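For clarity, chains are labelled A, B, C and D in written order, and residue numbers in each chain start from 1.
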């Protein structure tokens, strides 16, 4: 039973193992070693991407993809730089508005895909440019203001023990699991596994697809808020690289882009792996001009691990799955 | 109106786009009379040709049910290598070795892309993203090329910026690429197999198609198209420069999809891609001439893509 | 033959009139573009009956069921359910009205567990509104035990990991748990193995006795005879006749279905010359714990059947020969030299040609949205291409011969192959492989879901090919077919050849006995039918 | 030295307690794959490798973090954590560094921001005065070289949303406000040659002729478009990439090349060392703005026939001292070598 459970979660577990190794290595070469400051800097850097990867995973589980997730993050980040400041009440209302905006963007994606019957890639590519455009309107150049108190709180640590950002990540996992166990969550997985079967089984396919995009929008807005806390400002141009990295994180975390099977936790590990690799460059003597090459190669190698399953393949047909 | 619409040749997406582009020209021309001037139209064709060549390659990969995100740095790499080789061998004619080198770079990148997708079975969206990053890394690292000349060869300059009968030469290159691609897709076994693999790869394998070979071939074609576009762009700009491909990736994909090709693979006509390229090009320059702010451009772009693609998927559904 | 209407009238006057119909269809029509799938169909069915729907491929049976299940909207006509107008907008909607359909294409969710699949539509919840996994598993187990297959299926497994026949059971359980008023089975028994048919038929009878209306589509005549109370025959999109089971002879039924009579289903067998060298010889074939040392030979001119319970390794034998499997042990020789194929592509050219007609035509055999022409020529296009350029003329000639040879009924060869009915689709798959002129033909269940008329055509074709010197090996779940068609049958049990039957030994009785491994547990219960 | 001119209206002075050298210094670059940035990194390494400087520098670490501001913040945090004495950086987003600056203050690390400086008075900022750069210097010179100060001028802008683009645009507007007869047409060239060429050619196709061009970066695209469309020779103002300057000189196009030199990198590092040695500097420093008109251009001084088009012709700020001058060979020698 335990072995079967382990085997079922092989790929996310591998991702976590790799991450653990990278962290230990990173701390061992860091001149300061393990300290709460080092840990906080490390986890702060990965949190925005991790939150985004959670949203992306939900969509990918439904066999969709959200290329607008980075632009939603940028848009909500810009909104936050207008709304999330001032007194506590204002800040609270501001955060609610920001999250609602993320949900609305996700809703738009879902509606375009379901009612317009468009492929997710192109639909979200298009809505993504719209969201970027709106972000540019509300914040033509980076700037604005975000509650410093919240910023200190979220980018600091908890009692000198745990970085707050790690707690945020755990919170994201905790928020998803009840959803996954709900009918909506199950329908999302069912639609990703076989849409026609889900439809024929009487499941509410449309509702689940829309739900997946709305959830992705919400997580993107949380990510946008977190970037705001980190940078105390809004920036309309941060989207694109985040979108692609969120997909990379999902894949490294073991979720199949073909939907149906995968896990949030794996994607979070994937996101943190990507960021830790960036960190590793600091104290290894790598020529600065070689850094992009190094990062590219590491990504190439990381995704190549997906090919390992081919070695275990007993039927050539398995390659097509 | 509808009667005229229905009688036009070509499939629905192509027709719709041609109509939309005509509409754009009319409205634009009403505001700016220069729109109908031959230099303006020639200029549009020239801009369109670069995108068109990229989109031609993108279409092959999309027909296979995959996507190639390595376009930007494949273009840059091919152009950089080509101009570097020109710098090393400046003698006339010999310098055209640079063109061959550039094409070889494109083919090699395509082969690596195809290898990862077909043999290692990594999703193309992620594998080509990785190869794109590696290419960027290589170019940044070896910007020792930087010490070499970045001058294009005479052929590149001639094709990239020359004109014949006041029509830009790139347009002829685009036409040639289009004809070759049309021929491949319609009349060769490779074309048939591209559609088969794109429709359902397991069935292709079980039907005796060497699906891995077909995938690699498709990515190589795309790589070569990107390389050509990169070198022509270097010919046009008189130099190779980094990030030269950044603005071609997403429009290239959008043009293919606007043209009615399914991102799931197996379905699509090349005429649609050509029409998609024209529409995007026209739209971009009209917006730029109207001095629309960047934000408005992006929003219009997104709305147009959603409207057009939504229109034909709904039309297909309910007709 | 009296005109169909008279049969209808006589049926109406019969015992069936005692209760008001539960389901009443009037003037139903449906066309897809130019193709008329259903035309002016009137159809009644009563509560507490098993109502079989028969018809040739493409007769419109599935379309009708899809209309009832809310998947397809009719272009004309009206439906009433229990006296009230009924026009479902989706399967979910139909289910709310009490109509649940098991579709011809399976609709289990591969990545969910058996329990989750069975409780898919209405899972038990905890007080917090989350799905209660424990109760869900219990409910699933209960249903499976009620169906008599509880010991065979672990409800915590993913459906992806189950063999096809077990997935079909899950599919049925998933429908049954909703206690529908009307249960539709569209060829839902076609993938069941002989041992699974019994519990399912028992279950259906029980449901009928509880008052459920069961609409039942199958091409297996003996199943229909055993199970149905009433039969309706469809032909060419029209409702031809409804009669109580048993009131028509099978010849009459076939005549009604086809509009012509069918003399004999299976062609006569021929004597194979034992002196010839075997076309295929396999020794000690092993693979992944599933094949445990298989020896077999196929002579030119011979049709060899693989039989046994589903999932004993029959498919894997054929796949191993075709090179689809990796890590295969033992030797496979064609014409005396080892064959080391890496896939069906290696059988297309050269002097040792083989062809594999795969199991699921929708998954492995066809490119559904591509044209009939492109599908037909997929493996052979190189033969009429020079330097990779296709000669349209040569292609047209080849295609015409194929259409002619297999009597494929297609309106326009440039239409997508998905517009053909199931039987014609299957012919396309066979035709495209015959075009490669193989000397060894491997077929996996080629007549599944195909009507009797088309089946007969395929049997004749196979026999004719064998006469021309082809070696044929066929895996089929239909014992009748093994007996009627094959010269020799190998009964596979647990990855080994359990028995080789030929001549008079080749009987349904012997097949079943060996398939169940001499009546040993655990399948002994089903053996006594 | 006299190159650290305090920006107008800035009174704040930055001064740290003197520490003993040699120092551990880090340079955090943002975007990768841009020739200007590469040349900047090379200049810093070339400068630091000279024996006079090597004495003061115990360790020089260079990092490029790409366009992700979170990565850049984390990089700076890492250097602070690792106890580096000074960190110089080009901000990806000028407003994002408030929290980092606080953390640096606490840890006693010296931050120096340059080129795209942060919006904060608390760290040293080194930058050209962009409004003057684009306005009083470039635009004014172009207008002066026009036949008469009237007609149509094409303004080719940079990446939208960038603060530098905003400041430069303001500079241009400020100058042209004095010339009511000049009509400005704006296009967006994204600072890249190909895009600049395309939008310029488009604009020429629509508007016919212009009386002058004012371009931010990638200005070889303007001269190319003029040549390709057969546009008459009119004044062109642009930055200082070799290709552009070559084109001005070769075709004798009246105009001006104004430079933001990659030499900002060494200037910033030198300032960081000065701060560590206890010197006081104004909080915001404006660098001189080297520029040259076409009439005054000389090969191998203002442009380099043997260098690629992307080479930045003004290699350093000569007016900031002799150590701020670099020859192309010295930079190229640094290209691929290790740290």
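Note that a contact is a pair of C-beta atoms (placed from the backbone, for glycine too) under 8 Å apart; a residue touches a chain by one contact, two chains touch by 3 or more.
These figures come from a predicted structure and were not determined experimentally.
Participant: Would you mind telling me which chain pair, A-C or B-D, is linked by more contacting C-beta pairs?
Facilitator: Most C-beta pairs in contact, of the two: B-D.
Participant: Using mean CA coordinates as chain centres, what's the chain A-chain C distance in Å?
Facilitator: Each chain reduced to its C-alpha mean, chain A and chain C end up 44 Å apart.
Participant: Taking the mean of the C-alpha atoms as each chain's centre, how many Å separate chain A from chain B?
Facilitator: Computed from C-alpha means, the inter-chain centre distance equals 30 Å.
Participant: Would you mind pulling out the distance in Å between where the CA atoms of chain A average out and where those of chain D do?
Facilitator: Measuring from centre to centre gives 35 Å for this pair.
Participant: Can you list the chain A residues in contact with two or more other chains?
Facilitator: As it turns out, chain A has residues touching two or more other chains at 136, 140, 287, 289, 291-292, 316-317.
Participant: Mind pulling the chain D residues that touch 2 or more other chains?
Facilitator: Touching at least two other chains: 32-33, 38, 160-161, 335-336.
Participant: Show the residues in chain C shared as contacts by 2 or more other chains, in ascending order.
Facilitator: In chain C, 324, 343 touch at least two other chains.
Participant: What pairs of chains are touching here?
Facilitator: Per the contact definition above, the touching pairs are A-B, A-C, A-D, B-C, B-D.
Participant: Which positions of chain A touch chain D when the two form their complex?
Facilitator: 30-32, 35, 37-38, 41-42, 44-45, 48-49, 136, 140-144, 148, 151-152, 155, 227, 230-233, 235-238, 241-242, 275, 278-279, 281-283, 285, 287-289, 291-292
Participant: Tell me, which parts of chain D touch chain B in their complex?
Facilitator: 32-35, 38, 160-161, 185-188, 190, 192-195, 197-199, 201-208, 218, 220-221, 224, 228-229, 243, 306-311, 332, 335-336
Participant: Quick one: in the complex, what on chain B touches chain D?
Facilitator: Residues in contact with chain D: 32, 34-35, 37, 39-40, 42-44, 46-47, 136, 139-144, 146-151, 161, 233, 236-239, 241-244, 246-247, 285, 288-289, 291, 293-295.
Participant: Which of the residues in chain A come into contact with chain B in the complex?
Facilitator: By the definition above, chain A touches chain B via 65, 112, 116-119, 121-123, 125-130, 132-134, 136-137, 140, 244, 247-248, 251, 257, 287, 289-297, 299-300, 303-304, 306-307, 309-310, 316-317, 319-320.
Participant: Chain C touches which residues of chain B in the complex?
Facilitator: Interface residues on the chain B side: 187-190, 192, 195-196, 199-200, 202-210, 266-267.
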